[in-house]
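As written, the chain order gives the labels A, B, C and D, with residue 1 at the start of each chain.
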Amino acid sequence: MNAMPGIFAAATGADSLLERWPILFRDTVAGFFPAPLQWLVGSLISILAIVAIFGGVFAALTLLERKMLGRVQNRPGPNRTGPFGLLQPIADGIKMLTKEDIVPRSADHLLHFLAPVALLAFSILTFAVIPFGRNLVPLELDAAVLYFFAAGAATELAIFMAGWASRNKFSLLAAMRALAQLISYELPLLLSFVPIIMLAGTLSMTGIIDQQAGWNFGFIPKWYIFTPWGFAAFAIFLVAALAESNRSPFDLPEAESELIAGHLTEYSGFKYALFFMAEYFGMIALSGMAITLFLGGWRAPLPFLEFIPSYLWFGAKLLGLLLLFIWIRGTFPRLRMDQLTRLAWKFLVPLALFNLGTAAFWSLTSGWSGPLQLARWGVAIALVVVPFVLLGRGLSRGVAPRTYRFA
Amino acid sequence: MILTPLHLCLLLSSALFCIGLIGALSRSSSILVLLGVELMLNAANLNFIAFWRYGPNPAAGTGVLFVLFSIAVAAAEAAVGLALVIAIYRHQRSIRLQDARRLKG
Amino acid sequence: MTGLLIIALVTLVPAAVAMALRNVIHSALLLILSWAGIAAFYFWAGAEFLAFSQVLVYVGAISMVVLFAVLLTRHTRTDGGVAPDTLGRALAGLLIGGAVLGVLFGAVLSTPLPIGSKPAAAVTVHGLGVELMERHTIALLVVGVLLTVALLGAVVLAASDSRSGPEDAR
Amino acid sequence: MLGSGLLQGLKVTAKNIAGSFHDPERLVTVEYPEQKTKLPENYRNFPFLVSENATDPMGTLRCVACQICEKECPPQCIYIEKSKDKKPDAAGKMQVYPAVFDIDTSVCMSCQICVEVCPFEAIKMDQVFEIATTDRFNALLLDRNQLAKPNSYYHQIHPTEAAEVDGRLLAERKAAEEKAKAAAAAAAAKAAAAAAAPKPVATPTATAGAPGAVAATVSVAKPATPPAAAPVSATPPAAAPAASPAQNAPASDGKAAP
């Protein structure tokens, strides 16, 4: 298999021990087994590490989210279970595990059972290609970016299965919304990182991170977000990622005020928890993707900070992005279905296409230097801002001084 | 006669093609007919890959490119086909092919 | 070889069952499994890029469109109303399909197929990109135009004639 | 420009996130079981029986077991048994008292009709809300021991209303006293006149059960002790003549919770 070299990426000697220990640990444990089994044991260790670490991150994230949302609303958040409420995830887990598992009588039993399992499986699959550290790529693929989105695309399918199998009109509506949302937002999501692939010249995650190595002027990292087109692409990616992971303000498939709990209406107990877990895993995976594509992956933001192990930088960036997601959830109200699709088709897709042009311009003018460099920046910024303003005007036409007829 | 992997691949693709064909011919739901056609297209793609994989000159990658274009065409076909299904449904309130007799002219 | 057999099983059985089922949603979901099996075949054959494209396009996009179409065209009449000519059609389809299957199998089995001396080296994404951009540029452009036209055509076909949306559509 | 509103919103929530850490004033919630907010004065649910004296609630209930509330109660959650004997009320008059007064709070809907119909200001709305219990039959059926709460508690929870009620009661008792005095004076004058022209008149004297004002209007043949002679005051300890413990004894009926 092609995956073999990725699993056995050799730790280069130049790194510090702190940097290398996960790989060393895995190789040492795998070394105890006979050679034909070594790749299997190595993969199993990687899988276990991912599931354990991100399971823990999920548990911490549920608490963090509730705490942050509380702070957004000037509340302290959960603080009863254990010191500062730190044991809340455990209490939640026990509650979920001990709840009764209810399946509606007229439901499609097989699909009803399969949906949460498939959803969780697909969202864990996406972790396989994310570089968590300098050598910590579970699966080194040539077309890793494509793999990521192929695995991610299947998650909405599971949501559809859940909605349809429940035999509940709210669930079915949620399923249709999920489909419409996926179809709408797959496009800007894919288009937003095409410039990255254009500029990096590779679909491999490590290749993209390698392209972001180095510093401008000695201290500004050469991350893609610090270019005009990269920033625009990041913004589009962020919006589309919010929609893909069904996060507020795009949580229409599970809009509580309209659809009870959407596709989760007929789920209870541990199946419900699986859905919850999958949603958070999806969020974490998309954040990891954004970090890899735009934020330099596991690279340190400043040259003198490079002594800190790369996986800690990845974790810090991940935490930052997750906090941003929670912050956004606490701030914005939910969009309506037509607004959602309008935003995707009339704003994000054209903007992403324009951004493609900007990136092409950037790539063509890479030889410019001196004062031309300034002109390059100016033109690129203009190419980003002008379509944004114009499209934004089109999007918000007739909205600005809003009249409320029934208020 | 010796059964090479290429033979197996071709048998697989022909079996898939026939399943698609039977589905497309015998089902009356236009969506299922469309899906049958998709299956036949996929069977053809399988052949491209099989011949690319075991053919004399695999380095060219022509088979892969062919399948890539074929997938793109299949996507377009599915989109237009299902749009047609929806348009027919709007007129007939049914997606059964037997009900769409007015297309005869 | 066992890999190929498993893939054949995963591809053919769901496809056959899907074509026989009454429930269109079940058919569509089973076909997704079948398409995923085909993607696995591509992966097995070393066309990694193609496998992911297959999953992305078929599992991610076409299945969605199919399911959406099924939901939008839900039958008000009973789904299982057997039309009088159904049996005949099914028989004819089976006969024709069986005949084609026989012909194809016979042809495949009776043909000595030369096997390349060495199995194909997996084509890299980079090589694929170079091929697309150099030798097949025209085809790429044509496919792009085709997709755009198909998109517009689908929108025109599926869009309803009446323009009566909600009044405060914004 | 598009997005400026979004940034504004983000700014507001960011201020909340940061502000709630260093400025406790921003926190809108209280840590409930430990801290409690003061309930608004007009908050009311579930009735209680007003007693004049905190030390002897059963002896100083204002309720005279007239059973109006029992009849008016829409969900019929009140059950009253009149006592056989009488004992002096706050004004010192001999009154019937409730031997049994139960309210089923699982039925009560806090409609306040019992309060509105009570002519004696004896039943008032409470402010309890922590009424959860593990025993849904006996623990929710409150007897008169649990219902009786002193007037000072009433002042505490509804100060304005309680002051008004007390004022009204005071005024009523004053008026009754005045009338009694006037009646006494009139009776004395009559007696003097009768003494001048001895012509004995037989008048019924059964007045103990009726309110004092009514009693005072009846011309009494022998005005030995006027009913409203006791000092009238809003402060219960001064007002209430000590009730005999013997009268209290039958009050502890079988339903009284241990």
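Definition applied: a residue touches a chain if its C-beta (ideal position, glycine included) is under 8 Å from a C-beta of that chain, and two chains touch if they have at least 3 such contacts.
What you see is a predicted model, and the numbers here were worked out from it, not measured in a lab.
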Two candidates, B-C and A-D; the one with more touching C-beta pairs is B-C
Could you give the separation in Å between the centres of chain B and chain C, each centre being the mean of its C-alpha atoms? 6
Centre distance in Å when chain C and chain D are each reduced to the mean of their C-alpha atoms: 81
Express in whole angstrom the distance between the two chain centres, defined as the mean CA positions of chain A and chain D. 64
List the centre-to-centre spacing of chain A and chain C in whole Å, with centres computed as mean CA coordinates. 28
I need the residues of chain D touching at least two other chains; which ones are they? none
Which positions in chain C touch two or more other chains at once? 46, 49, 53, 61, 65, 68
Please list all residues of chain B that touch 2 or more other chains. none
What chain-chain pairs meet the touch criterion? A-C, A-D, B-C
Residue ranges of chain C in contact with chain A within the complex: 25, 29, 32, 46, 48-49, 52-53, 55-56, 59-61, 63-65, 67-68, 71, 122, 124-126, 165-166, 168-170
Contact set on chain B toward chain C in their complex: 1, 4-12, 14-29, 31-32, 34-36, 38-39, 42, 45-46, 49-50, 52-61, 63-65, 67-69, 71-80, 82-87, 89-90, 93-96, 98
Parts of chain D lying in touch with chain A, wherever the complex brings them together: 1-3, 6, 9-10, 12-14, 16-17, 19-21, 26-29
Tell me, which parts of chain A touch chain D in their complex? 68, 71-76, 327-328, 330-332, 388-389, 391-393, 395-396
Residues of chain C touching chain B in their complex? 1, 4-5, 7-8, 11-12, 15-16, 18-19, 24, 27-28, 31, 34-35, 38, 41-42, 45-47, 49-50, 53-54, 57-58, 61-62, 65-66, 68-70, 72-73, 75-77, 83, 85-86, 89-94, 96-98, 100-101, 104-105, 108-110, 112-117, 119-121, 123, 127-128, 131-132, 136, 139, 143, 146-147, 149-151, 153-155, 157-158, 160
